[in-house]
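Two complexes follow with chain A in common, the first pairing it with chain B and the second with chain C.
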Partner chain A sequence: METPEGIDLLLRPAGLVPRALAFTLDLVIRAAILLALFIGLGLLGTFGMGLAALLLFLVQWWYMVLFEVLNQGRTPGKQWLGLRVVHDDGTPVGWTSSLTRNLLRFVDMLPFGYFLGALSCLGHPVFKRLGDLAAGTLVIYQEKPQARPELPPAEAQQPPFSLTLDDQRALIGFAERQSSLSAERRLELAAILAEPLRTTREEAETRIHGIARGLLGPQ
Partner chain B sequence: MKQAAFERRYQPAWLAFAAQLDALERGKPPPMQADAFPAAYRQICQQLALSEARGYSSHLIEQLQQLALRGHQQFYRHRSPLLGRLLGFVLGGFARSVRAQWRYVLAASLLFYGSLISMGMLVHAFPELVYSLLPADQVAQMERMYDPDASRLGRFAERGSGDDWLMFGYYVMNNIGIAFQTFASGLLFGLGSLFFLLFNGLTIGAVAGHLTEIGYHQPFWSFVIGHGAFELTAITLAGAAGLRLGSALVAPGRLTRGAALRQAAALGIRLVCGAIGLLLIAAFVEAYWSSMTVVSPTTKYVVGALLWLLVASYFAFAGRSRHAAD
Partner chain C sequence: MQLTDASVSIRPRSAWEALDLGTLLARRHAGLLMASWAAVTLPVFGALSLLLWEQPSLALLLFWWLKPLYERLPLHILSRALFGDIPTFSESLKALPGLLRPQWLASLTWRRLSTTRSFDLPVQQLEGLGGTKRRERLVTLGLRSGRAASWLTVVGVHLEGALWLGLLGLLYFLLPAQLVQSWSWQDLLGLGSEWLWLEHLSNLLYALVLIVWEPVYVACGFSLYLNRRTQLEAWDIELAFRRLRQRLLGALPILLLACSLLLWPADKAAWAAPAPPPDATQAGPEAERLRNQPLTGEAARQRIGELLDQPPFQQRETVTRWRFGDTTDEQQPGALARLLETLLQGGKLWQGLEKLAQLLEILLWTALALVIALLLWRYREWLRTFGVRLRRPASQLPPLPKRLFGLDVTPEHLPADIAAEAERLWQEHPREALGLLYRGLLSRLLHDFRLPLKAAHTEGEILQLVRQLERAELSRFAQTLTRHWQDQAYGHRNAPAATRDELCAGWRALFAQEGRA
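Take a look at the complex of A and B:
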């Protein structure tokens, strides 16, 4: 998705399984709320039952809408699974679109157990159910901040030839990921570059680390 | 500039921006001045583009991307004062959207009232027809509810305010649920809305015809006329919104089906929001006014007629003025 600032933002749409899990979680939470309500308000007699009917309506139809609009597009279930609802253009979901997508949930559930919704979700390139299609919304993964890896200690070196941007990023990526790779795999990957870097298979790894360090600049 | 130097230079700004985002996302007053936010956001965007062009490490780009995405979401949120929008909607926006979609409203009205009236007249002419539509025990229940003798005995008068409240809750839950279903099922190429409109029209028509035929017309009609103005209109509007969805799928015109559907949903949801409001009024009237037996049926007919007139004139005239609140 491209923004008015001319940069591309990456939205990662969530598939059927995490969404189904989030929905189940929400269902359990709602059931618990309703149970507590009926037990608590049942003691209040008819007034309590009237209130319970109103709250049942509120929980049944507005639980999702209220949470999505007031809590950055996340119901408790979605929050748990790291999902959120946004508009197609990446902006936070508003009242009308949230209401639309949640009212049309009724159709997604037809004829039983989210059959149509699942079908539409599986068939769509960014996993939209029917309600999402009509409301122009999208369920995406909530971005999580990641810890920056430390580069391995190495002397900064000059690469033997000029690097393209992709080469640069590949070399830096190798150096950053080295702690998550086994020693054999590191050797294997680095050996591919031994010849163009004019070094031996065993030396290639330290050479790449050095080049990466040289590209990033002194710490 | 080398990446490490770049990071060292801008890290404080990124941290400040992240803190600002945290505050905004939690709805707290942000530490930075609000007018500094756009500049900070554009700065992040520029730095993101720069680090992509310079081939900086993907971890740095990922971090900047997240900042830019979060900034984008805060910067371009569609926010306007809810209360003001609601007021504008009630004062004229709702009536305007209904008038703008008069074709669908007309179609839904014809379907609903047409089936209602014809079924009512049929049942009036052939009384046994009611049993082909409704199960016998439901008919018996309806008869008990509107039995003139029972109501003279004060069945309704005995209800305390607690019961009125219970009925209010029940009506809200039940009727708005029906309206939502009528709207949503329009997504099935309009067939669902068609079904709900006809089904409700036929049922209500059958009950009305039956009760009139067996001589219970006084309690029945005086009961329904008041809230009917709001309730029946709301069901029709929800049906019209559903038909709008269906027709967008069947005949999208020059748009793709997806775009037509999104447009139809955005317009239809306005009708549904209005229908929710009407149904809330209807539930209130039904629970607290229609059930009263102190007032004579004549008064109820007069008030009911006035309410119908009120609803009709709202849709006819509200929001026409040039200076209507928007």
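Take a look at the complex of A and C:
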């Protein structure tokens, strides 16, 4: 996705499994709310029943829409799983599209238990169900701010050759992910670059750490 | 295994994204995966059904229980397809017997109900590990992806159920209503042997559901496994390093030059040296400056401050206003408390609630009425257009013309007995007499027969319209009268006296009774 300003935005569409889990979570929350309402309002006689009927309508039909529009495209279930609803172009979802995609849930449910929705979700390249197709919306993973991992201590060095963006990313990634790699694997990976770096296999790792620190600059 | 041949972009993903990658992978090779799955499972299903024709449930259970064995084939196809070596349909089927043998007993017994089945399968089948080694490997791999693999199985179980019921529902919808009504549920639930085929049919639907879902399930487990290994072994970094190495070693001479340049004693600390604090090198806006002149910076700032405090920049005014005393503040909570008290007094809460319910009901109805009114107001233009269109058939008739051919045709301006008047006028004013008759005819046509005459019609057109009424006498009379009138009006030829009697008699015959009645 590219904005008019020429900035590339990466949208990562979410597939069936996390979406099904998010939906189940929302279903449980809704059921809990309704149960509590009926028990609480059942004590109040006709008035309570009337109110409960109103709230049933509200919860059943507007729960998803209200949460999606007012909470940046995230119902509680989606929030839990780190999902978000946006338009196809990445803009926040609006009233019209949210209503469309949630009213068309009933088409997705046909003939039983999200049969059409599941098939459409499995078959579509960006995992859209029919409601999403009609409303032009997309369920994506939310970007989570991540803490920058600590780099291993090393003296900053200048790389002895020019590096493309991908190369720089790989070098920094090597330094950042060294805690999740085994020592043998680190050595093996660093040895690939030992020859171009003009060092021995054993020292290559330290060199790469140094270059990574030099690329990142002072923290 | 050559990482450079991988057909997907290798990077560490979150577990959920790895599952989605699996879905895409299954989608890319959907035809082959589904065809090979169907080719393996449907014969097995058919054989089981035939063998256990009397016990459909047992057949289904056995078919379901053998699932781990069928799953080895899609994994084999996927693992080869990932590195660009897509096997053909017959090749993959030929590979199947070899795939089934290792650890088949374990797969079908104590590992059958494992929730991470799809994730474990690659370790067993692709790495060929067994026993303790396999368990250790799974512990390492399953640290972070185990949860997602379990959820995948849970979702898969429910999805299979939902798809199965969906297919059954679809089948049920397609049945004619008469057939459904004649079913009795005892027959269906009872063990009548004539319904066995129905149970086998529903089993078949389950087998069909598996054709769609199982390749996805296996592919998701496989991609989870790939993702975990990418994370643990940094496959993406290895790829990038290899690419870098290839590029650099290709350009060795330039590299040598670069290395010799690097031998210069460069100031290595410069890359990591902390930036100096900004105030030390450059004076900020708050720092003291211009100290060696009559108007120092400090004095200038003071004078600017004074200027900004004066009228053109600052408008000050004093406003005196009456305010309520503090009494209201004290009254409010008291009033609220009293209201609550009255509401709660002596079991009146109930009545209060009933009243509240009524109030709410009234409010809701009012809101509904308001919304309708608002809608009507909002779409008033549209309604007006639409309403006029609706009304038109009822009041379709345009106002009747008062004059035709310059003749006055309103009944009020005509004498009561037109025939007698015409007879009287005939001798002295034959033109007026004929004109009167013609006017009378037009007037009758307009008002009695409701003929839509317009000022633009010619005599001939009027005759045609009269003919459409399909009244022979009227038509003949109108024709004669028109001919004589045209002779008189345009040709100034007087009609013979015989015509007078003929016309007047015709008139009387046609209209006299009505006039009297």
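Convention: the second predicted complex is superposed on the first by the 211 of 219 C-alpha atoms of A that agree within 3 Å, B and C clash if a C-alpha of one lies under 4 Å from a C-alpha of the other, contacts with A are read in each partner's own complex, and residues count from 1 in each chain.
By definition in this document, a contact is a pair of C-beta atoms (placed from the backbone, for glycine too) under 8 Å apart; a residue touches a chain by one contact, two chains touch by 3 or more.
The structure presented is a predicted model; accordingly, all values stated were derived computationally and were not measured.
Student: Overlaying the two complexes on chain A, which is it for chain B and chain C: clash or fit?
Tutor: After superposition on chain A, chain B vs chain C: clash.
Student: So in the superposed three-chain picture, is A:G217 touching just chain B, just chain C, both, or none of them (first/second/both/neither)?
Tutor: Both partners.
Student: Taking the superposition on A as described, I'd like to know which of chain B and chain C A:R169 touches: first, second, both or neither.
Tutor: In the superposition, A:R169 contacts both chain B and chain C.
Student: Once the structures are superposed on A, label A:Y63 by its partner contacts, choosing first (chain B), second (chain C), both or neither.
Tutor: A:Y63 contacts neither chain B nor chain C.
Student: Looking at A:L81, would you say it contacts chain B, chain C, both, or neither? Reply first, second, both or neither.
Tutor: The answer is second: A:L81 touches chain C but not chain B.
Student: So, does A:L130 touch the first partner chain B, the second partner chain C, both, or neither?
Tutor: First partner only.
Student: After lining up the shared chain so the two structures overlap, which partner does A:W95 touch, if you call chain B first and chain C second: first, second, both or neither?
Tutor: A:W95: touches chain B, not chain C.
Student: In the superposed arrangement, does A:G45 touch chain B (first), chain C (second), both or neither?
Tutor: both
Student: Looking at the overlay, which bit of chain B runs into chain C, 201-209, 291-299 or 309-317?
Tutor: Looking at 201-209, 291-299 or 309-317, the stretch of chain B that collides with chain C is 309-317.
Student: Taking the two structures together, which residues of chain A meet both chain B and chain C?
Tutor: 45-47, 50-51, 166, 169, 173, 217-218
Student: Quick one: in the complex, what on chain A touches chain B?
Tutor: So the residues of chain A touching chain B come out as 3, 5-7, 9-11, 45-47, 49-54, 56-57, 60-61, 72, 86-87, 89-92, 94-96, 99-100, 103-107, 110, 130, 133-136, 143, 145-146, 148-149, 165-166, 168-169, 172-173, 176, 215-219.
Student: What residues on chain A touch chain C, complex-wise?
Tutor: Touch residues, chain A against chain C: 12-18, 20-21, 44-47, 50-51, 81-82, 111-116, 118-119, 122-123, 125, 127, 141, 155-158, 160-161, 163, 166-167, 169-170, 173-174, 177, 180-182, 185, 189, 192-193, 195-196, 198, 213-214, 217-218.
Student: Write out the stretch or stretches of chain C touching chain A in their complex.
Tutor: By the definition above, chain C touches chain A via 14, 16-17, 19-20, 23-24, 27, 148, 151-152, 155, 158-159, 161-163, 165-170, 173, 212-213, 216, 220, 231-234, 236-238, 240-245, 248-249, 255, 258-259, 262, 266, 268, 271-275, 350, 353-354, 356-357, 360-361.
Student: Would you mind writing out the residues of chain B in touch with chain A in their complex?
Tutor: Going by the criterion above, the answer is residues 2-5, 25, 41-42, 45-46, 48-49, 53-60, 62-63, 65-66, 68-70, 72-73, 76-79, 82, 160, 162-163, 165-170, 172-173, 176-177, 180-181, 183-185, 187-188, 192, 245, 258, 261-262, 264-266, 269-270, 272-273.
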